[in-house]
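Each structure below appears as structure tokens.
Two complexes are shown next, each including subunit A; its partner changes from subunit B in the first to subunit C in the second.
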Partner chain A sequence: MDVAQALVMGMQTWGIVGALVAAVFLTIGIDRIDEDARGAYAFRPLLIPAVLLIWPIILWRWWQIESERAAWAARYRAVRAPYGLAVCLMSIGIVVIVFTGLSVRQTWPAGIAPVQLTKGASQ
Partner chain B sequence: MSEKPFFVGYLPAPGPLRMFLLAACVLLIAGLGTAGYLMGAAQDDPGPGAFRFDYGRQTVTGVIEMTPYPVLHVVEGNDRIMPGDSFMMTAAGKSGVDSRAMPLNGQLAQVSGIVLERGDLYMMQLRGGRNGLRAAEGDVPEIPTEPQGRWQLSGEICDGKCLAGAMRPGRGLAHKACANLCLLGDVPPIFVSTQPVLGSEFLLITGPGGTRLPRAAYDYVAQFITAEGEITKRGDLLVWEIDTDTIEVTE
Partner chain C sequence: MSVKYTPVQWNRNKWIYDAVMLAGVAAFLWVFLYVTPEVLNHDRAINPQIHNARAFGACAFVMLTVILCIGPAARLDKRFLPLLYNRRHFGVMTAFVAITHAGYILNWYFNFSSSDKYVGLLYANSSFGQIAGFPFEIFGIFALVCLLILAATSHDFWLKFLTPPVWKRLHYLIYAAYFSVAAHVSLGILQDQQNHLFTVVFMLGAAAVIVLHIAAWLSERGEAAAKDGAWAKVAPVGAFRDGYAKIAKLANGDRVAVYLMEGKLSAISNACAHQNGPLGEGKIIDCLVTCPWHGFQYDVRSGRSPAPFTEMVPTYRVRIEGDMVEVHPDANPPGTYVEPVPIPTPPSSEGVTA
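So, the complex of A and B:
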């Protein structure tokens, strides 16, 4: 398996797990942890793309609230502290990816001349 | 009550925040501008390829040859396309004209379309249906086929249409996915050699024995490679039968 296949397989696996989490969370989980969502269904399909992407956070928050490990008010407070770190890491990551891409790309092998290995019948 | 300054959109910015906001604005605009300039400057020159709509619609007559990619060897040209020239053909979008050209293989045909041109390389995007390609009356001249031996070449596999000018850039890694889609759609593949081979830096590529470009070669499209294969001059066009077992990515 080469790098491209591994990347595609990784993304497919992430998406499949995300779809399973979305199916379970949006039909069962959300009713259990958010009483305001009970009986409301129209908005749930709108959450599917986000759940596909950030399903680990969904599962973690679900577990925190379901098991009452988080403080009572925590469920209403956005997870802001790690956001700053994430923003910094993503910003640095973008720059690193761009410069790595530019630095490891091939250079046009202008110095390699064509070589005739055998003569043709018409020569 | 906190003395920390607080910005409200409909009120003047608090004094301590003004310098911060000004600096943030300047850095953001300058930073994005600089990043855009640096990324643009780091890109390779896309080259001079382009659709030549300024030439107008071109109509010529010649002999169709499936190499297995369709090539027209011009018999009756015009003021831009000379008799004796050989050029590749494509349809609109990411598709070739194989299905239309195959029944006319070895026969005289009239083709009509728009020229794509990049230096010495040119090909024609044919009009749809019989307006673009139809049988013509007349004697069919013999097209010379001259084996030129086995060569080791370095360069890049591209799709002929984008390289000739349908896209800018029409080559390179940024264009790899587009190139592979074009090749899957039967657009003729072209090899760009680092240096001219027998007078040309562009060669039509096929598989060994005049077969289509093997799928194994698709993985190397848009990368700089070295490979070996037999070159044959068909009419005015060099055709390289690439041996995929010899492909190596250059450093």
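So, the complex of A and C:
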């Protein structure tokens, strides 16, 4: 119970920090780092869930953009290398877990006539 | 040049796509709930909450399976590309369906005790040391979190803000999510399944995802291996059509758009500087290629937007070896002018397409 409560509390804390980050990022930060967002407000509420979920990545990217640390070529570098690894791991994992699941499946004793184990108190 | 963000960029095709998708979801739920209870063996006395939870869970699995099939299918056969372009709406809808499934579970199985239902969900089963009876809910929670992250970061803003490499890495979570869903099903509902139809449908879906992805990966690996080296082959000279591009995929996975304009070849990054739209699918008008997504324009010789706009994309060096057009995989800094390479015998305006 303690672990479960701690996990739930951790998630709540994560969400509260995310809400604070969202409040600052979506009112001040976004205008500083993206000219396409200046004067555009209707889409901003749609961004709130992402900030709540991945606010550390948001803060990291915000800092990167403000400090101009990202190399120009980085954003043009396609990410395909992990694709094969991801696909292989997923495929192997699915095959293993499906067969594992099927192997431990228990058979429901259908078709077996019920048996009265004791006579009961009234008899 | 600036295109302000909007909540959703609708167009006629997206309306049709979404309408078909929503109709499909509604049809699936209706069939599952009211037409096939005996076929799927859930006609026993289960209450509406469990019935609905199973319907939405099954629907989320089918939707996720279709989503994961669209990508490799489009890479293997371009006729599937129309399904790919609006896939993010499909993904967001899947997240909503999955969260509805979770809501029914949470508000039925964990809602009637003195303890918090979220604590109850994490605490009710802690048999992590055994396979039979393993707390399969944990796989569902993980998959749901992944789906929520993917759906929440699906807006164009996130692609630009996070940059395509970071965004793409984040979206590799889809594979972990699908495995997790498979584990959630295998150690969950499959353990209680009397009728084998659901088991067969589940295994066929998972097998389709595996086969298509492995096939697409092997196909891409073959192409990349063939193009590995200092210069990458693009296409024969005769395959180019004036005003249009051929898109080359480099060994590192990068995509380069090589254009034929007035008998000369130029190459720029295939990713628009605005929101990474596919520049190679645009047509050259007045020396400028127009991004098909938002209309951003670039001079294909320099990768620069016309003044007063300031957007720039990287350029690439091009050469012709024999009959083959090749591109150097090292990108020039955005906006670098590269002298166009004339082709030996310019094709007619009709051109030839590959």
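Heads up, the rule we're going with is that the second predicted complex is superposed on the first by the 70 of 123 C-alpha atoms of A that agree within 3 Å, B and C clash if a C-alpha of one lies under 4 Å from a C-alpha of the other, contacts with A are read in each partner's own complex, and residues count from 1 in each chain.
The criterion applied here is as follows: a contact is a pair of C-beta atoms (placed from the backbone, for glycine too) under 8 Å apart; a residue touches a chain by one contact, two chains touch by 3 or more.
Since the structure is predicted, the reported quantities are computational estimates derived from the model, not experimental observations.
Contact with both subunit B and subunit C is seen for A:102 once the two complexes are overlaid on the shared chain. In the superposition on chain A, A:114 contacts subunit B only, with no contact to subunit C. Of the two partner chains, subunit C is the only one touched by A:53; subunit B is not. Once chain A of one complex is fitted onto chain A of the other, the partner contacts of A:16 are absent, as it touches neither subunit B nor subunit C.
Measured by the number of subunit A residues touched, the leading partner among subunit B and subunit C is C. In the superposition on chain A, no contact is made by A:28 with either subunit B or subunit C. For the contact definition in use here, the residues of subunit A common to its subunit B contact set and its subunit C contact set are 98, 102, 105-106, 108, 110.
Put simply, subunit A touches subunit B in their complex at residues 98, 102, 105-123.
Against subunit A, in their complex, subunit C makes its touches with residues 2-7, 115-116, 118-120, 122-123, 131-132, 145, 148-149, 151-153, 155, 157-158, 160-166, 168-170, 172, 175-176, 178-179, 182-183, 185-187, 190-191, 193-194, 199, 203, 206, 209-210, 213-214, 217, 220-221, 224, 250, 252-255, 269, 271, 274, 313-314, 331, 333-334.
Of all the residues in subunit A, the ones that touch subunit C in their complex are 1, 3-5, 7-8, 11, 33-40, 42-43, 46-47, 49-50, 52-54, 57, 61, 65, 70, 72-84, 86-91, 93-95, 97-98, 100-102, 104-106, 108, 110. The part of subunit B that touches subunit A in the complex is made up of residues 39, 42, 44, 146-155, 173, 193-197, 223-224, 226, 228, 230-233, 249-251.
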